[in-house]
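Below you'll find the structure I mean.
Letters A, B and C name the chains as they come in the text, with residue numbers starting at 1 for each one.
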Amino acid sequence: AAAKTYTFKIDTFWGPEFHAVKNSILPALEAIEKESAGQIEFKPFFAQSLAKSTEGYDATAMGMVDIYTLTGPNYETGSMTRGAIFSLPFSLPLGKENVKAATNIMKQVYEEQVIEEIDKNIVVVGLGVLSEYRYMTNNKVEKFEDLNGMTIRSSGGYHDDIIRAANASPEAMGPGDIYEALEKGILDGVFHTYAAQFGWGTFEPMNYSTDLGLATFPYYTVMNKQKFDSLPDDLKAILLKNFSVSGVETAFSYYNNEEEHFGEMGLEEVVLDDAVKQQFYEATILPVWNKWIAECEERNIDWRAIIKSLESAWKANNLEPPNTWVSLAD
Amino acid sequence: MDPFVIGSIVISSLLLLILLGMPIGIALFFTGFIGYWAATDLITSLNYVTIKGYGILNSFSFMCIPLFVLMGLVAAEAGFVSLAFDTAKKWLSRVPGGIAQATTLASAFYGSVSGSSAAMAASMGVIAYPEMRKLNYHPGFSASCIGIGGTIGILIPPSVPMIFYGIIMDTSISKLFIAGLIPGIILTVLLLITIWIIVLVRPDVVPQHTEVSYTFMEMIISLKNMIPILVLFGIVVGGIYGGFFTPSEAAALGAFSAFMMGFIVRKLNRENIVKILKEAGLISGMLFMVIWAAHILSDFCIVSGLGQQFGDLIMGLGLPNWGILVAITVVFLILGMLMEVNALFMITLPIFGPIITDLGFDLIWFGVFGTILAEACLITPPVGLNVYVLGGVATDTTIENIFKWILLFIPAILILLTLVVIFPSIAIWLPSTM
Amino acid sequence: MEKFRDLTESFGRLLAVLGTISLLFIMMYIVCSVSSRFITGRPFLGTFELGATFLPLIAAFYYVNTEIHDRHIRATIIYDRFSPRVRQLLDTMYAFTAGIIFLVVSWRVCLFGIRNFEMKAETSVLALPSAPFLFVYSFLMLNFALFMFVRGGERAGWIASADTEEKKA
C-alpha cells in the first residue's frame, strides 16, 4: 500500500536566490524528500511571503506556517528571553573555524536552559549561527573612541545595546535606505555581516571594515508541534537530522560567501591590536550582558544557571569562555 | 482543490461583488479570506487573521501614504497649488491638454522623492485633481493622468517594489535603483505622447482654447507664483539628496514643512486646518481599508500555490527563450490584475527568478522588466490600487470611469517593455558604469 | 435605538480625532529625530518601529468616520441601475457582511493580544509592550463591527436613518 504523505509549508526570511537558501535550506528539503522516499513533501515559500520574520514564531505556533527559519532579533523579545543569550556579545565563539563548536554550544545550552521557554506548540528542529557581525564604516575605526557619535545601522534587539555601549547611535533603517544614507552621511556605518551587505549591494559607499567580531545571531528552524507529532518516528528522525545539518551549513554558507566576495567589496580591513580589542570587549560586553540580566530578573529567570550552562558548554568543546561574562555568575 | 479552480472562483466572485457595488475593501477581504480558507482550512485561515489582522499594516513603509496626503492637502489649502497651476495655465494656454502633461511631468519629478506609488497617486490626487477640474478637464481623464503618473514613481528611484525585488532575488538594490532611471524617463515621454494622442482623438476631454492670450511679460511675472510649491518641493528633494533625511522620512518632513510654510504665508487658519486634517483622515481611512484588504487577497494568491502552478505550466510548454518571456509577461499581467505589487513579486519571483537566471538573463534587467509589469498591475482591474486611490480622492467621478481612461495608458507600458527587451542596455547600461 | 446610533457616530468622530493626533505625533517624532540627528548627530531611537506600531491604529481610528461620510470606495456602475429596493437589500447585506468580518478580526486580534500579554512580548527596539496595541486595535475593530451592524439595521429600515445634512457636508 502507498505510504501516507505529509506536506509542509516552509517559509523563510530570505529569498530563493540567497546563498544560504541555495546551500543549506533547499538541499535539506531535497534530502528529506529523498530519504523519506517522498513521504515528506515541502511547499517552499520565500522572503517572508507567508509571514513576516517578526511573525514567524507566532505563525508557526498557530499552524499558519508549518516550518519557519528564524533569524534576527525580532522573535526574541517576548518569545525568547533565555535564548537571547546567543545574541549577546561573545556568548558564542566566532569565526569559520568555530562554526561547529558554536552550534554544539548552542545546542547544549538550548537543551539545558532554553527549551523550557519555547512555545508548547513549537519544536525547534534545527539551530545554528550566522557569520560575525562587524562594524563597516565610512571613516576608520581604529580606537574605541572612534565610534563615539557615529550613527550605525543596527538589526535591533541586543545589537542596539552593543552599538550604544560604544557611544554610537543605533538606527533601524530598511535595506533600501542604507546605500543613500551611507553616501550622504546620514549613516556612518553598519553593524552587520559582510554577506548581507554584499547581497544588498550596500557596501559601495563604505570604506573600512573593523576586524572585530563581537556577536552573531542565532538561527532557528522551528516547526509546528502538531505537524511534527503527526509524523512517525523514522520520518521525525530524518527531518531532525537534515535540519540539524542545515543549521551548520547556513553558517558555512555565510562565511564562504564572505571569503568569495570580500575582495569585490573593496573594504579596507582595519586590524586592531589586542589591547584595543580588549578595550572594545570590556566596554561592550558588560553593559549588554547586564541589560539581559535585568530582563531575566524582571521575568524571574535564573540567569546564573544559563551562564553556567553556557560556560560548561564552551569547556565541553575545549574552548575557554571569556572571563568577562563567566565572572558575572560567580 | 486545484489552485487554478480556486483562483478562478475567487476572481469571478470578486468581480461580481465589486460590480454589485460592495465596498471594495469588504469584497477583497471576503473573497481573500474565503480563498485562504479553501486553500488551507478554517483553523489556519482564522489563525491567519489573528496574525495579519493587525500585522499587515504594521509596517513603516505605509507611513508615507497619510503623510504625503497631508502634505498635498496643506499645499492645496494654502494656495500653493492654485498659484502653480495659474502659472502653468498661462504658459500652456496654447497647448491643448498641456496641464495634463504638466501634471504627469510633475508626477515623474515627484517620483524621485517617493518610492510608493499609492502615496504619490494620493498626494498628487489631492494636489492636482481639483485644479484640473477647475480648468474643465474631463474627470476620468484627469484622474487617470494622475493615477498613471503615480506609477512612474516605482521606476524612478527610490522604489519600494525594487527594494523588495532586491531582497527577494539577492540583487543589489542600488544597482536596481539606477537601472530604473532611464526606463522611467522613457516612460514619462511615452505617457506624454499618449496624452497628446488622447487629446487629438478626444479634444472634448480638455478645455477649449481660450480667447484670452497672455503677453510674454505676464508669463514671466507669473513665474513667481511657482515659488511656494518649488520651495516645498526643494525642501523635500534637497533634504533627501543633500543628506538630511532618507526617502522613508521625507513624507514627515514634507508634511511638516508644508504646515510651516502655510503658517509663514498666513494662509492657514483654524478653519482650514480642521478641513485639512479631516480630509486627510477620510482619505487615510479609505486607503488603508483597501490596502489592508488587498494584502489579504494577495496572501490568498501566495498560499494557494498559483505561482508554482503557472511556473509548471510555462516550463511544460517547451517554449523558446522569447516565448518564456512572453509567457511570464502574461502571467504577471494576469496575477497583477488581482494582487498588489509587493505580493506580486513575492509570488512570481521565487518561481520565475531561477527560470530567468537559467535562461541567462541579467537579474538587474529582469528587476526593471518586472517593475514595469508591476506598473501595469497598479492600474488593471479589478484590483488596481492607483485607481482605487484616485477614486477615493476624486469624489466627482467613479472608479469604473477611471479604469476606462487609465487603461489607455497600457500600450505605453507595453511599448516600454518591448523597448527594454529589444535594447536591454536601456536598463543595464547605467548600473554597469557603477 | 436612534440615540445609540447617534452615540456611535459621535464616538466614530472622536476616534478620527485620536487618529489625527496619532498621525501628527508620528510626524513630529520623525521631524524631531531628523533634527536631532542633524544638530547633535544622534537620531531618536526607534522611529521606524514607532511608526510601524502606530500605523494599524491610525488606520483603524479612521474607519468609522470614513464610513459615516460614505467615503469607503466602491464601484457603482451596475449598482446605480438597480431599483431602490434592490439597492437597499444589497446595502443591508454589505453592512452586515462587514460587521461579521470585523467582528471576526476583532476576536482573533484580541486572542493574539492575550498571547502577547502572556508572553510579555515587546517591540525589539523601544521595548514597547505589544499587547496594548493589539487590544486597542481589537477594540477599534469591534467598534467598527458594531457600527456596521447599526448601519445594517438602518438600511434594513429597522433603525431610523440618520440622513441629515451633516452627511452631505
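One rule holds for everything that comes next: a contact is a pair of C-beta atoms (placed from the backbone, for glycine too) under 8 Å apart; a residue touches a chain by one contact, two chains touch by 3 or more.
Just so you know, these numbers come straight off a predicted model, no measurement behind them.
Q: Tell me which of B-C and A-C has more C-beta pairs in contact.
A: Of the two interfaces, B-C and A-C, more C-beta pairs touch across B-C.
Q: Please indicate the chain closest to the centre of the assembly, with centres calculated from CA atoms only.
A: B
Q: From the C-alpha centre of subunit A to that of subunit C, how far is it in Å?
A: The separation of the two C-alpha centroids amounts to 37 Å.
Q: Hey, how far is the Cα centre of subunit B from the one of subunit C, in Å?
A: Each chain reduced to its C-alpha mean, subunit B and subunit C end up 24 Å apart.
Q: Residues of subunit C touching 2+ other chains?
A: Only 47-49, 112 qualify.
Q: Multi-chain contacts only, two chains or more: what residues does subunit A have there?
A: If we look for residues of subunit A contacting two or more partner chains, we find 54, 58, 173-174, 186.
Q: Indicate the residues of subunit B shared as contacts by at least two other chains.
A: 47, 50-51, 58, 60, 244-245, 248
Q: If we count contacts the way the header does, which residues on subunit B are in touch with subunit A in the complex?
A: 43-44, 47-48, 50-52, 55, 58, 60-61, 115, 158, 160, 162-164, 166-175, 177, 240-248, 299, 302-303, 305, 308, 343, 346-347, 349-350, 353-354, 357, 363, 434
Q: Give every residue of subunit C touching subunit A within the complex, in rising order.
A: Residue list for subunit C touching subunit A: 37, 41-43, 45-49, 112, 115-116, 119-125, 127, 130.
Q: Which stretch or stretches of subunit A touch subunit C in the complex?
A: Where subunit A meets subunit C, its residues are 54, 58, 73-74, 76-79, 149, 151, 156-157, 160, 169-174, 186, 299.
Q: For subunit B, which residues are in contact with subunit C within the complex?
A: For subunit B paired with subunit C, touching residues are 18-26, 29-30, 33, 46-47, 49-51, 53-54, 56-60, 62-63, 66-67, 70, 244-245, 248-249, 252-253, 255-256, 277-278, 280-286, 288-290, 292, 388, 391-392, 395, 398-400.
Q: Report the residues of subunit C in contact with subunit B in the complex, numbered from low to high.
A: 16, 19-20, 23, 26-28, 30-31, 33-34, 38, 47-49, 51-53, 55-56, 58-59, 61-63, 65-67, 69, 71-80, 87, 90, 94, 97-98, 101, 104-105, 108-109, 111-112, 133-134, 137, 141
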